[in-house]
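Lettered A, B and C in written order, each chain numbered from 1.
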Amino acid sequence: MNSLGDSAKSPEIFHRHEAKLAGLLFVMGLALAVAAPRFFSPVNLALLARSMGVLLIVSVGMLNVILSGGIDVSAGAILAVVSIVLVRLGNHGLTPSAVLPLGLLTGAALGGVNATLIAELRIPPIVATLGTAGLFRGLLLEWTQGEWESSIPAWLNTIGSPRWGGLDASILAAALVMLAAGWILHRTQTGRAIFRYGDSPLAAARTGISPRQPIYFAYISLGLLAAIGAVFSAAQLGAVQGNAANGYELTVIAAVVLGGADILGGRGSLLGTFLGVLLLCSLQQGLVLLHVATYWQSIATGVIVLLGVVLSAAPRLRRTLLFQPSASR
Amino acid sequence: MNSTSASSLEPSVNSAPKFAAHAAVVLSENLQPVVVAILVFAFCIYAGYRSGDFWSALNWQLLVQPLAEAGLVSLGMMFVIATGGIDLSVGSIIGVAAVTAGVAAHRNLPFYAIELTALASGLLCGAFNGVLIGVFRLSAILVTLGSMILFSGIALAISNGNSFAGFPDSVLWWNDATPLGVPVEFVLFLGIAAISAVLLRYSLWGHYVIAVGSNRVAARYSGYPVALTLFGVYTLQGLLCGMTGILLVARLASARADLGQGLMLMAIAAVVLGGAPIAGGAASVIATVAGVAAFYIVQDGLLLLDVPPFVQRALTSVLLLVAVAVGILLRGGRGDRQ
Amino acid sequence: MNRSEHIRFTCLALSAMLLAAGCSRLPRNSKTLFVMVPKLVGIPYFNAARDGASQEASRVGLQFFYTGPTAADASLQVDVIAGLLARHPAVLAVSCDDANALAPVLRRARRYGIPVLTWDADAQPDARDWFVSQVEDETLGRHVMDVLAEQLGGRGQYAIITGSLTASNLNAWLYWMKKQQQEKYPGMQLVSVVPGNDDQQQSFVQAQSLLQAYPDLRGIIGNSSAAPPAIARAIEQAGFSGNITIAGLSTPNLMRHYIESGTVKTITLWDPGKLGRLTAAVAAMMLRHETPSDGMDVSNVGRIRVFPETHKIVMGSPLDFTKENIGQYWF
């Protein structure tokens, strides 16, 4: 079925997409250097890094899910739930050493709900997460009754405050998350199981990999990482609202997919995800710096996403246009 | 999306009966629409008992209008999902159709020109998706993610963020007319549903749609026009979105870029609720109609029962999960990925 | 999971669903049912209005029901109202997501004999009996611009972060803000209007981007309650607190921290609770077949202005919150 191989077997293709993406970024960088040189000022670069932190953390979780051949549209809802839980517990006077683990646990538990529905009840991922998104969001908004929290505990505030020349702790966290994920995905049996299962569940079953391990790892890790993202998101903004992160999961999916992950599973890389996040965030910043009107920003983003899709399918495209036979995908 | 059977890789002369048999097997084992119908019927009894207004004619007249709109989009989505694809851009296509109709109304064009503009812009958007997905064989979810963003930007740019009003009465007719007490929107929806059912079961194209969804490789090797089929499916979806745009414009007597935003998730949920496998290969008009009806009836009933809006949302999500779980249970727990 | 576990799960979920639905109360008499619909549920501003209306409604003996769309989407709001029509409420009061889109369903309600009020955001005039507005659009827009201009000394670049780009009332206020600036403060220059979509995160990102894109920016107006706190946060974090003026519309609770720290000098609004009370009071008047008169004193609200030709009621003037008085307001 998969004549293109997975990331472990065909490093040339693996490197090729990331290289193309880097090329696209380079071209964008050149255009910005000419049209809006202020983009490269230290202040702006720090701002860019700060805006990437949360997206990067959640994107790593989404990468795990997509590698396993699934998808999760409840990531935004999980993020919103955890941010409210964190702030409310914190405002009630609980210490950070109690609040943070509880928040992370909540995220992991919500991810666990997704994993159970998908692994045990065999509900297709898009349906299961569609349902849980509505469920989590509905229950959250009913619980908060629409009240926003406009003050956060002081310790949470310090986490999100810029220092070290405009950067904040979210970048450090994102780097740690990426290192950990890299180690798990490429150096542990769990990680290899995800790649194999995502590539072909049938083949994986025949080699003795049960679907449980990769699925539970993928969705629980996304829940956990969404929770970490919630910590920094709340810390940066200084306030939380129940209907936050509406539609956020689509941005995350776009970043991961732009980074070269195959939506059908089994292929993708952390470097690619990082480049995808960088592309989306710098595009948004760049368009504003160029004084582009809001509507045109959407159009530009849509075009770039489509461009990225065409790029990532280029090897297949070439085969199509040259009338060579290809696999079912 | 993955094909549902890994074994039929060899080309086969007798592929036609194989595909049809496959679809028939999936649907006959699929009691999900029946489960949904039973759940909804039970709910109706309950709602009718607790709220005196549930069974009033007025309630149903008002209920079927948004149902018809979502229903048209869901029918298009049914075809798309049957080919193993998905279309995330439907909400944005409706927005484009609505605002182009608004521009036409603003220029005081006759009513048929306004409606044709909406249909044409929907068709064009759908064709855009169709070319990228059918001819260039790009991934459906990714293309429609990008086109969703692109089209919504286009709709905003055309309308400049404003809402258009001043549509002629002949356009508003779609909302106001009630032949024999039934809103004409609903009549249109039933008509399109009937046509879709005929297309699906008796036309060659319908057969191709199912074949492409069940096993794209085999379909290609059997000589089926896969690219054309896929192109057709997304273009049809665009056309249906254009129709939905007209209906929405008539009902709201205005056009905005963000019309139809929530309908994408609703359409996917309705098709899935009706029991169609998300990986493609089977479709049923009755099941899709049942799915759409289930959502709107339950939502309306919950509203009349004073259920708070967020709990409504949570409950309809639970309905979706429960119905799908039950459907999978009845299929023997096989699910879609084998 | 085996079959029996599946069945148990399903039964549990089903009964939970029915139980949750069954725990709702139903009004016993819809002849006194006053239904209030906001632009969207789940925003502190509308919650405050709801509380005021609910208080007044119980005081005058009306049954109060509050519901609305879960997002500021005109077609969702129309669906909600259409669903409510089957209940034949005694009075309907709606804050419209879109003046044009809501008109057909509101006209329909009036055809069924249901008196229709709009509050906070109007529909087309022939679709409603009365519009209960908090402040005149023109007064509000001009006033907010005055607040900004005073702190800017009448010169400099400014930007506006609004709510949703398609919200009619926000656009009306924008119009008057710009008009006031063009007429009275030609030394000021508007560089950008961007949407924050009633979301603090989006408004925050927009504010940060504006600061980068326009280094000579001296002021930002937040034209919907979510924007000003996010703008203030962005400015504090960028270290421009005190150098860039923030003005606009938001609630005291959301702005308290920033007003007390001095980042924001003045924030404008009105009392949404009062608006809610007034709406409920007018609803009661509709049921008693009374007509509001200009200058009449409504209890717990004050003197209102009534314009019989346009069927418009104006609650009062904009209210400024500053360090001196913010301690008195807790919504």
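Definition applied: a residue touches a chain if its C-beta (ideal position, glycine included) is under 8 Å from a C-beta of that chain, and two chains touch if they have at least 3 such contacts.
The shown structure was predicted, so the numbers you read here are calculated from the model rather than taken from an experiment.
> Could you let me know which interface, A-C or A-B, is made of more C-beta pairs in contact?
Result: the pair with more contacts is A-B.
> Taking each chain's centre as the mean of its Cα atoms, which chain lies farthest from chain B?
C
> Taking the mean of the CA coordinates per chain, how far is chain A from chain C in Å?
Whole-Å distance between the two chain centres: 34.
> Take the average of all CA coordinates in chain A, do the same for chain B, and state the distance between these two points in whole angstrom.
28
> Which residues does chain B have that touch at least 2 chains other than itself?
Residue numbers touching two or more other chains: 156, 161, 308, 310-311, 313, 315, 318, 321, 325, 329, 333.
> Touching two or more other chains, which residues of chain C qualify?
Residues 1, 6, 9, 41-42, 70-71, 165 of chain C each touch two or more of the other chains.
> Where does chain A touch two or more other chains at once, residue-wise?
If we look for residues of chain A contacting two or more partner chains, we find 121, 141, 294.
> Applying the document's contact rule, which stretches of chain C touch chain A when the two form their complex?
1, 6, 9, 41-44, 46-47, 70-71, 165, 192, 194-195, 199-201, 204-206, 208-210, 212-213, 215, 226, 229-230, 233, 237, 253-254, 256-257
> Which part of chain A faces chain B closely enough to touch in the complex?
That would be residues 1, 69, 71, 117, 121-124, 126-128, 130-135, 137-142, 201-202, 250, 253-254, 257, 263-264, 293-303, 305-306, 308-310, 313, 316-317, 320, 327-328 of chain A.
> Considering the complex alone, what residue numbers of chain B touch chain C?
The contact residues of chain B facing chain C are 39, 46, 50-51, 53-54, 56, 58-59, 62-63, 65-66, 156, 161-165, 172, 175, 248, 251-254, 256-262, 299-300, 302-311, 313, 315, 318-319, 321-322, 325-326, 329, 333.
> Mind pulling up the chain C residues that touch chain B in the complex?
1, 3, 6-7, 9-10, 13-14, 16-18, 20-22, 24-27, 41-42, 65, 67-71, 73-76, 78-80, 82-88, 98-104, 112, 165-166, 168, 171
> Looking at the complex, which residues from chain A come into contact with chain C?
Going by the criterion above, the answer is residues 38, 43-44, 47, 51, 120-121, 141, 144-148, 150-151, 161-162, 233, 236-239, 241-246, 284-285, 288-291, 294.
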